[in-house]
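This report refers to the structure that appears directly beneath it.
Think of it as A, B, C and D in the order they're written, each chain with its own count starting at 1.
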Amino acid sequence: MQTDITGRLLISCPDRPGIVAGVSQFLYACGANILDASQHSTDPKEGLFFMRMSFQLDNPSFTKEQLEKDFQEKVAAPRQMEWRIDYPDRRKQMVIMVSRYDHCLMELLWRWRSGELPVDIPLVISNHLELKQFVEDFGIPFHYLPVDAGNKPLQEQEAIKLIRRANADFIVLARYMQILSPEFVSVFPGRIINIHHSFLPAFAGANPYRNAYNRGVKLIGATAHYVTNDLDEGPIIDQDVARVSHKHEVTDLILLGRDIERQVLTRAVIAHIDDRVIIHGNKTIVF
Amino acid sequence: MQTDITGRLLISCPDRPGIVAGVSQFLYACGANILDASQHSTDPKEGLFFMRMSFQLDNPSFTKEQLEKDFQEKVAAPRQMEWRIDYPDRRKQMVIMVSRYDHCLMELLWRWRSGELPVDIPLVISNHLELKQFVEDFGIPFHYLPVDAGNKPLQEQEAIKLIRRANADFIVLARYMQILSPEFVSVFPGRIINIHHSFLPAFAGANPYRNAYNRGVKLIGATAHYVTNDLDEGPIIDQDVARVSHKHEVTDLILLGRDIERQVLTRAVIAHIDDRVIIHGNKTIVF
Amino acid sequence: MQTDITGRLLISCPDRPGIVAGVSQFLYACGANILDASQHSTDPKEGLFFMRMSFQLDNPSFTKEQLEKDFQEKVAAPRQMEWRIDYPDRRKQMVIMVSRYDHCLMELLWRWRSGELPVDIPLVISNHLELKQFVEDFGIPFHYLPVDAGNKPLQEQEAIKLIRRANADFIVLARYMQILSPEFVSVFPGRIINIHHSFLPAFAGANPYRNAYNRGVKLIGATAHYVTNDLDEGPIIDQDVARVSHKHEVTDLILLGRDIERQVLTRAVIAHIDDRVIIHGNKTIVF
Amino acid sequence: MQTDITGRLLISCPDRPGIVAGVSQFLYACGANILDASQHSTDPKEGLFFMRMSFQLDNPSFTKEQLEKDFQEKVAAPRQMEWRIDYPDRRKQMVIMVSRYDHCLMELLWRWRSGELPVDIPLVISNHLELKQFVEDFGIPFHYLPVDAGNKPLQEQEAIKLIRRANADFIVLARYMQILSPEFVSVFPGRIINIHHSFLPAFAGANPYRNAYNRGVKLIGATAHYVTNDLDEGPIIDQDVARVSHKHEVTDLILLGRDIERQVLTRAVIAHIDDRVIIHGNKTIVF
């Protein structure tokens, strides 16, 4: 017998009066208590409404399935809602892809072991061997899929197979230095998080720290975003910067940048795990 | 005929299921559209619920009075709510008290003239004459109430009279360098905002920059808070800091501090004007 | 009889041993006390050395002219130095150009009146009339030079004449919304400071806040830089950012951006006044 | 035969003309090239001068001993200098003391392995066993010295013995939750770095996050400082803060605080390793 369901309801729909009332009335009638709610309306021209409601339901007569069925019929369908409910009691499956740099990986694995990231990590995939031991020391399987000029499509297929077999909910590119093909990206839409080592849209593409140095900027940054087929142009989840000066050589920027990358990627991953991010076109709503 | 009411509903009450449903259902039934909603529950032991809902009501059959009467009867009374509705179409009356430093005053008046602060400023009160011309150039009446060892109670009574006559909603101490008596404070509970030139609770009282210098801190700060009878211990609305080093003499800290004071006080005043602050004991909820 | 000279010596030259020794020995021999010194060496491949030394000279037998003549002969010439000495006792002449937005202008004028900007402001030039009264209230002459499709070269010539007549040391574009011609820029190389309302190189050109909104960035910024003939590509002096979210509409970004623009432009102007900026190619060294 | 010495000279002495000239002239005469120099003068009343100069000496006829002997005779003695030269080619020995929390330890060890901390870590001392495996996985000896009501003096003596045997240059308390006795502190004056989990002087002592929560502050912080016999009152090396709101429970503050502690402690340790910190009374000069 299932009791005490905690859920996070995410909604996108045309904006009109009565949505909050309808949803909260439904949850109340089911015996649920609303723990937290955030909403956002776009400008009237676009006229869209977004909401995240977390609730607790301690009603033995309800299963998740029944709740969702009722919600669809009574609330969602009449209002043309796109929606989903996530249940924190089911831990998300997070796959990490990484190349040679260990700082983002280290940050994620350390926080995961500390209990800060409530996910399972069924596997780490890398195109290099350097971090194998490091990953396995955390008790996580490491898959080596080296990529060269000829085998990329093949290795991506292999990666997709591994990721699917692991029932992965999302993929984190923790400084994975290969550009994923449109085929790969299309398999996991809105489910691949990348960390780019610049303050996008400045310095997209390769060598952002070198380019930042050449331009003489006084702040460097990092950007976590969902991957789309437009390189470094996907919806931004989080960004941050650090102050630099003429004293910083490129190598200093790289070192300092590591710390920003670690923090920004972590915040984006936690927001994603908490179901606080809604993708809307090429932008995000982060509740 | 009154139409198109915009309102901001603030609620504090014991936490229990159905509050959001009850309130939003009520507003929907009245024909109101919820523009924005934020809520906060304290830990279960304390068990309190706070909410801010802004709504738009375009229903010619409703007056503000009717809306409030109905809300009290149908929603608030059964749930032991403390509540109020503020209507942005009624501009708040903001009185500023200031001594000799002009930076916070300048910031507020400039933003007010730019339209960023949707308030009226019926008067400025000062215990010094230095800023008279400056204030009057903005078309605002300036009242000079000098304070000395003997006349403080008298001058405070005079200030209270002026403030009441102006129907002031709240008072901003923009570096007013006199400690207000408990009698004065008790007349305007939760309605006096002060800017203290330190990161409270560090360096409460006089000469915070001197004390920060002597302690050798690497950040200095400012704190905007509601005034209570415990000096510098009222509920904090906002705080911020700036980085300093051994190179900063006390005079440098004072200069740098000005900028933090201006920003923090402005943010706190705007939050207050927008009805985004709820005082709860000695703390604030800032939605 | 001239005594008690305070000076700021700025040097660029090929890096090699003995520069600090040579310069400090020279100043010591003249009876000067070094108050502060900063230096920077570029990477060995480029091999350049930059230094700023502020000193105090209380030697009745020395004039500024003598000091500079001796320095050139004994220290600078043998080491192929580019150098200059600025004397804070001669206040720099700062001309401001502005269009309609008052926030940067207000910030500069208020700080100037407060004594924070040790300059004279001989005139303000604008292509609009809106800020005339505002400027004249500070006791500063206001020159109206409207620009249209046909008269730009003429009005620029007029501006150059006014600026030269005022013996201006540098020009601040406090949101001056006209692109200056190469002819104008070439008259004041390294002496025009602009504030651009984005985090350059992101969102160069027109409508940066609109573009930032469309891109969905989570931070907006401002950049102060010297003007060159490449639009928004001159040497950056300072930058800063503020956090934004999906809740910020374009108008919110504009409002929030104002505060960053004010701060960044102020810091850049103060650095320039203090002779702490050396331009090196398309970058700056800010001591 | 020793060549190519890199050194960092740190000086404190009475301020008077000619110090920079004297020192730089000496180094030049020895054949040294000054890589970087920073100086600081206190206010004239106190009249002290501090300088850090890093230099490179490629002169086979000089040993470190000879350099230091000459410097003392020719430069330091006549000017009553306190001074020392550190040589980066001799890696400092850093001992870490820790209790149960792993976040600061993890950060230090990870950076050490990445090569960002150019030190040796001869041992880690803990009063708990939890982190033994974690430390030994890095190849670092772990010493368990449990402390109870009765054995503290004894265990401190044991710690002193271990630290001395390791020729430790300095000790980092990476969340070591025991108060060190005056006897212990006096053995390592200016050589023990602690991380305190608040923005000192606010919330000194125990439970700073709980106290910050109760006070309702809008920023929490961390402070790295040298340990003296006045609890949490030693010279501050670095501080930082993060923004919090009414939504943060004490457990959230603790989690968020971890990240600030890690960053602040790291920056302080790196400054110490780089010989950029001079202690002056109860304050620091951090070049």
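What we mean here is this: contacts are C-beta pairs under 8 Å (C-beta built on N, C-alpha and C of every residue); 3 or more make two chains touch, one makes a residue touch a chain.
Here the structure is a predicted model, which means the values were calculated and not measured.
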### Message
Spelling it out: a chain qualifies if it touches chain A and also touches chain C; which chains qualify?
### Response
B, D
### Message
Centre to centre, using CA atoms, which chain is the farthest one from chain A?
### Response
C
#### Entry: Between chain D and chain A, distance of the C-alpha-averaged centres to the nearest whole Å
38
### Query
Taking each chain's centre as the mean position of its Cα atoms, how many Å separate chain B from chain D?
42
### Query
Can you list the residues of chain C that touch 2 or more other chains?
none
### Query
What part of chain B is in contact with chain C in the complex they form?
102-103, 106, 110, 114, 116, 137, 255, 259, 263
### Interfacial residue positions of chain B with respect to chain D in the complex
40, 43, 199-203, 215-219, 221, 235-241, 245-247, 249, 280, 282-286
### Query
If you look only at chain A, which of its residues touch chain B in the complex?
16-22, 24-25, 27-28, 31-39, 41
